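Both of the next two complexes hold subunit A, though its partner changes from subunit B to subunit C.
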Partner chain A sequence: MSQSSVAHSTFSIEREYPQAAAKVFQAFSDPVKKRRWFAEGEGFIVDSFTIDFRVGGKETCLFRIQEGPVAGQICRNDTWYMDIVADRRLVTAYNMTLGDNRISSSLSTVELFSLQDKTLLKFTEQAAFYDGADGAEMRREGWRFLLEKLAKELGG
Partner chain B sequence: MSADIGRIFHALSDNARRSMVEELSNGPLSVSQLAQPFDMTLAAVVQHVNLLESCGLIKTYKQGRVRTCELETTALIAAEKWLQGRKRLWERRLDRLGDVLSED
Partner chain C sequence: MSQSSVAHSTFSIEREYPQAAAKVFQAFSDPVKKRRWFAEGEGFIVDSFTIDFRVGGKETCLFRIQEGPVAGQICRNDTWYMDIVADRRLVTAYNMTLGDNRISSSLSTVELFSLQDKTLLKFTEQAAFYDGADGAEMRREGWRFLLEKLAKELGG
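Now for the complex of A and B:
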């Protein structure tokens, strides 16, 4: 039997914000606000970002990475809203695509817990990473990039 | 997952093994081809190969008397994933969310 072509990964991150849950939730539902923290970031050029914030609605982000082995390639993040409970919960499914290749599909869950005037946010991602989506050339580049990073990590 | 990452990192912490992985990133090689640039016995090379295989970084297969080594993509995905990290992407995002929240 051939090797599995999918690697699975799950992680959670918790953050506490000194704002009310309604305000935190708004930063997910308001396209202008969400673009600022979700899409715009160091090393990314955002070409477009659109949100249709309703269950079954879609969010699309087109961007390019400035550095590394895939610099300049068009990346896209296609997100579908699976569950929305105002100020409490937001579940989405999203695909990451690099050029013509789908690299992963994920389920992501945002839970908001009110703590007096603060909010605890719990983010959980369950992802399937696809093998062979990167092509031989990119895999080689990926290895070079990985080994250089590793050398730095190890103080080499 | 994190235990596997630990083994992958241990395997890659050795200069010789890292060079072997670099060589193999250009394509499969036989054990003796892989041994060529190194000043060590074939037995020592085989030990490194076995360690790389046991943590899933490479796979080997025999054709007649020749044992061929090849990079294993699943381990690459796991290590790459860990390093370049979807998690770190989200950590940065959630830090920026904090900034956006405190701005207005």
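Now for the complex of A and C:
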């Protein structure tokens, strides 16, 4: 019998932001803001980024990494909005694709909890990694990095 | 601070079928076959069932339960195809909605392993249940029931 081609994994990250939940939520719903912290960054060329922010709507990000073993390859993040509760919850399903290889599908949950003037963000990823690609530890680090970029976006 | 409105849960079910993987896969990809074992059933009225079987395509099932506390309410299963590898793997993201209430979003993985003339199906669900609704144990029983109906579809 062949081995499983899927590795399932779940992880959570919590992070506190010194802003109100409505402001944190806006960094996900506003395409200009989200592009800034989520898609743009040193070492990446963003070819396109589109958001249709409604349940059933799609977000697509096409980008290239400038250096390293996958330099120049088209990377895609295809995201479908599964559940949206303003200022409180955002659940998406997304595929990561590198060149012609789909490396993962995930369900990701962002929950926002108001703590007076602050917000606790709880991020949970339930992922299926394909054919030995990627891996949960790298993905967790990727999201830690993004949630740090979100802090800078909110503080700016 | 308010409590989390999401309960995350992962479960797997394995089941062996005395048919080849290609035949088992077809019961997912063929809209007529899938409707028979997945949507139709005693106690349900299926109002519509559509499949667009390609990555990024959608499957929608609208149905009503005939008896019990939610009798007559419109139930929806909205499914997005995330990954398709013929005769081997099928990954979907789906929302379950009861009336106006979304009760869950899930990532579900079907893996097929060939064992000579038989097939081992491994089903994994990574679910987010909303606002106390539904629950993993009921969902697992629901899928056990569906995988039993699949056995009947394949045997017929």
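Quick note on the criterion: the second predicted complex is superposed on the first by the 131 of 156 C-alpha atoms of A that agree within 3 Å, B and C clash if a C-alpha of one lies under 4 Å from a C-alpha of the other, contacts with A are read in each partner's own complex, and residues count from 1 in each chain.
In this text, contacts are C-beta pairs under 8 Å (C-beta built on N, C-alpha and C of every residue); 3 or more make two chains touch, one makes a residue touch a chain.
Keep in mind the model is a prediction, meaning the values are calculated, not measured.
Legend: residue contacts after superposition of the two complexes on their common chain; A:82 is shown touching subunit C, with no touch to subunit B.
After overlaying the two complexes on the shared chain, residue contacts for A:129 are found with subunit B alone; subunit C is out of touch. Shared-chain residue A:51: touches no atom of subunit B or subunit C. In the superposed model, A:7 lies in contact with subunit B only, and not with subunit C. Residue contacts after overlaying the shared chain place A:19 against subunit B, while subunit C stays out of touching range. In the superposition on chain A, A:27 makes contact with subunit B only, not with subunit C.
Judged by the touch definition given at the top, the superposed model places A:111 against subunit C, while subunit B stays out of reach.
When both complexes are overlaid on chain A, the residue A:36 reaches subunit B alone and has no touch with subunit C. Common to the subunit B-facing and subunit C-facing surfaces of subunit A are residues 4, 106, 127. Across the complex, subunit A is touched by residues 1-2, 4-6, 8, 10, 55-56, 78, 80, 82-83, 85, 88-89, 91, 93, 95, 102, 105-107, 109, 111, 113-115, 120, 122, 124, 126-128, 130 of subunit C. Residues 3-4, 7, 9, 11, 13, 15, 17-19, 23-24, 27, 33, 36-38, 40-42, 104, 106, 121, 123, 125, 127, 129, 131-132, 139-140, 142-144, 146-147, 149-151, 153-154 of subunit A are the ones touching subunit B in the complex. By the touch criterion stated above, subunit B contacts subunit A in their complex at residues 1, 9, 12-13, 18, 21-22, 25-26, 59, 71-74, 76-81, 83-84, 86-87, 90-102.
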